[in-house]
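Order of writing sets the labels: A, B, C and D. Residues in every chain begin at 1.
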């Protein structure tokens, strides 16, 4: 074990994988300069500009180029600086990358990795703060990982690079600089496996990304009230580890889902639907969802703070679930 | 009342609104030639090329131009020929149109209408057959209508044109040429109001677009088995008329949701989540979802037929709900 | 820019054979659609066969090709088995893509046909990526991408011109400029008459040729292909051509007049090549007819194969998703 | 292409006043960020004030303007109240957008500033649409959109060149070419040195000027603005300039050297204009300092206003969604 921030762990994972496999290449805006958060810092020194390729502001075409690289057998890791700009690359991602294998009857494979980050809280406004992972999870052919820890940010990235089909990793900018424990050396984390972050008897909280730590904090507070909370981090939302979630809820009888994205039509909707489908007779309370209100992300601090859900909203939802 | 196909009703609605309001303009690929389905046929003869504006294949920029027209006070109806290509226009739609009013603190309004169509069944393959409405419903600032009848295709379009904020209409290509009754003259259908297409005691089926007629057919078949099905068509998924759905389920105690889109992370997930949140104690069975499997749309007839859900899958889900 | 390339009787025969294969194939597709044996959204390239044949004649199986929605001829010219192409268009289990792709999504990896796409302009970035991989690996393989004049107004294409130029990619961009995008003439979509002009801005080598003169296309492409084979590029070749049928099968074609079609019928690329062969004394009508007959026989076989083939198994629905 | 435009002492004073307002304003923003009074992602345009001032000097409140992520100066030059701009950047209730927009999303409809956007290139299509509406309604209003050299590689911009040309839109596209997109120099993004070249391809009138010479920018823009006022266009004006600070406040600026900055510091647009004024005998240093002082006073007032303003009410969160 060693200590590292998520951004450093991502950087290390890229370095490790590029060292291990000469086919791994990084491509995106300012990646040779390290990117705005430092995820690719120093890679160009060790691997050169052919493998750490700066691109102009052409997200759609850059995604398409990365797909072409993948079709040719390389393992591109393309960076979309903000998930808000993935809107410019969705034709390539959803229509080409996600469908190439299927449409070709299995002839083509697209070992593409997309790294991007979302999330609010840093006063950057409605176009730099979104959480759009639910869109991607609705596209057959894509896998979607949404790490909540430094170890997973690295581990899911490593697993994604070693996968022969497209994977999108949605990181959270507000978590990049927290110091955390990571395994040494970094190790792959299999796609499709949830992590039980805390065991508990009374309520299952399914939380993603930034809301995992928030939910753990809520759980600590609730423990003082005699409520024993289990916290599950799906880690990938596509594929979704339904088993781990459903079997937990079957035990606790209560479920709260928490994510940063807008609640309506978010990832929580799918999880709630699955839980009640598979464990209705165990439910002692409705599956409750914690997510952002149906509004763009405001920039002003008090508004953004009011917009963001966190430990308090999770705790309130857990208490509500307990009242049933 | 008169008889009309949905595509004719859309055409008539556009004609009526353009006649009523000189600020209404149509813009999109081949719209002056009527478009591939004839939605805009003949409009150029009555309103000229300035108001029925052909565009090159530049979906993103055309969406942006339409937003600009709307910012300047016109009422553009932009056509995205296939919803599959809305992937090219989502930056403009989700980042600009949906957020302009909010980000400007209410100074800007974007009375934009987007007409597009999705759906499979005509052997056109994975890139011309998608149902991506769930994406749009997750974007604060957008309203999303998904008509199931000719009257609604026209009526929701009329309402959208008269709305001061962006509305996307997602039509279904497989329904364009069915003859149906429509009011004469065509009348607006308010956004956010579901229609109860059939009243029933035993199970509530919430169906959208093509699945409404399929669900009605299933209901007829199930009536023969003594199962009395209520069919609700939300008509707009954003805003969603939760009241009508929840109060129906509160009566029937059972709910099946049916749509053509991929089941996972689809519109049905949100509806299921809402129903169990608001009516858990009334539910005698889990809310079941009928939707496409998690695969791209295949082209070959038997595969596409196997892919598509219809009356049989709805009937099977209703029977399953009744078994609880 | 065009250099002299040796034109042999053999080349003319080869091109003519490919072109007749494409023509006969698409006539058969049209017939099968009329007979309800093929369904879906099908775009035919009749009248444009010269470009497919001429470009493909420079390539072998290791070279890589992309195309768009009007791709039958490109796949055939690249070496795809006509029977399996027909089976794919007919949605059969024996199709190149097991019936999952269909007319707009032909792929034949064994012959380097990395595929057709239905989103206009979407194939160009993919071709760039494949070309970039060839360059980095110094494979000497050429990457070619076909697209229409309508694609030239799409952001993906325009961004791609910049990237191809910036990274000096060994890719040949082949624009089949048939003057229309769906039902709308090029003049309604842009003031830039020639697609090549757009590429010139980025310092990309270009040429505009009569696309219906297959030998001219072949000649014009030669230096571009040769450069790409050495890892150099990019280049854009604009082929002026015309589609003789509607945008898709079923299109009533109300947007252009008979006179225009007649002009282009007189410039049918197959007739042009046959006339050139006769004038040069390479071969006469008898040989041409033999080539045509053999193509038609091959296509009949392909159609018979396709229609006798089983339909895909419903279990395949969930295979190859990921 | 540049025609002679009368240059008066008044114009020079007006430009200098605007430029000093922008400079002083951004120095204050930088200071407030350092003091943690302003947070978020803030891009300053110090060094680029000449373009904002010169273009805006041609416009009145009925004319329309768009900008991008580096927009403070554009909004100010267009007439936005510095106090309300500062309040917006500081997230206060009295901000132009009630605090909901922030630095990257300034909008001031009353002054025709239809807004800044944070997605590079995304503003250009919107400007085209607004210009199209002016043309159809024959309003005589000019639409201007500012963007950077980095935007010139974005599909939305390139598609927009075609549409602006096709529809002859009364829009003036103003590229502030500062040689960098974030941390990467233009040479790493394209082989096309001049953004104007891209527009020329589409038959768009262009000119490239020293962006730090505000009078030159004003002169070069004159015919373009005049044409747009008559409903004619489009035009692209490329202004060569430099940002003196990092890409955003907090950028360590490791990607360029001190020598480069020094060269451009010597070309500070405020000094250039002050020198021109002195040389032409329009006004001397005393007047310039008075202009500067008055700008600083206005900015101090703006900062005081902003910081004394209340924060938005949490209830506003759900207002103006739709």
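As a convention for this text, a residue touches a chain if its C-beta (ideal position, glycine included) is under 8 Å from a C-beta of that chain, and two chains touch if they have at least 3 such contacts.
On a predicted model such as this, the values are computed, not experimentally measured, just so you know.
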Discussion item. Just to be sure I understand the contacts, which chains border both chain C and chain A?
Written reply: B, D
Worksheet item: If you take the mean of the Cα atoms for each chain, which one ends up farthest from chain C?
Response: D
Worksheet item: Taking each chain's centre as the mean position of its Cα atoms, how many Å separate chain A from chain B?
Response: 29
Response to the item:
Expressed in whole Å, how far the mean CA point of chain A lies from that of chain D is 36
Worksheet, complete the sentence: Rounded to the nearest Å, the gap between Cα centres of chain B and chain D is 41
Fill in: For chain C, residues contacting two or more additional chains
95, 98-101, 105, 117, 119, 153-156, 159, 162, 166, 189-190, 321
Worksheet item: Can you list the residues of chain B that touch 2 or more other chains?
Response: 55-56, 58, 60-61, 84-85, 88, 91, 95, 102-103, 125-127, 140-141, 294-296, 298-299
Worksheet item: Can the chain contact pattern be summarised as a line, a ring, a star, a complete graph, or none of these (other)?
Response: complete
Worksheet item: Across the complex, what residues on chain D touch chain C?
Response: 153-156, 158-159, 162, 165-166, 189-192, 197-198, 200-203
Fill in: chain C residues touching chain A - in the complex, by the definition given at the top
64, 95-101, 105, 107-109, 114-115, 117, 119, 122, 124-134, 136, 155-156, 159-160, 162-163, 166, 319-322
Discussion item. Taking the touch rule as given, give the residues of chain D at its contact with chain A in the complex, in rising order.
Written reply: 39-41, 91-92, 95, 98-105, 117-121, 150-151, 153-155, 181-184, 188-190, 254-255, 311-312, 314, 316-318, 321
Worksheet entry | Partner chain B, residues of chain A touching it in the complex | 60, 84-85, 87-88, 90-91, 93-95, 98-99, 102-103, 125-127, 132, 134-135, 137-141, 238, 240, 261-262, 264-270, 272-273, 276-278, 280, 283, 285-289, 294-296, 298-299
Worksheet item: Given the complex with chain D, which residues does chain A contribute to the contact?
Response: 29-30, 32-34, 36, 54-58, 60-61, 84-85, 88, 122-128, 293-296, 298-303, 306-307
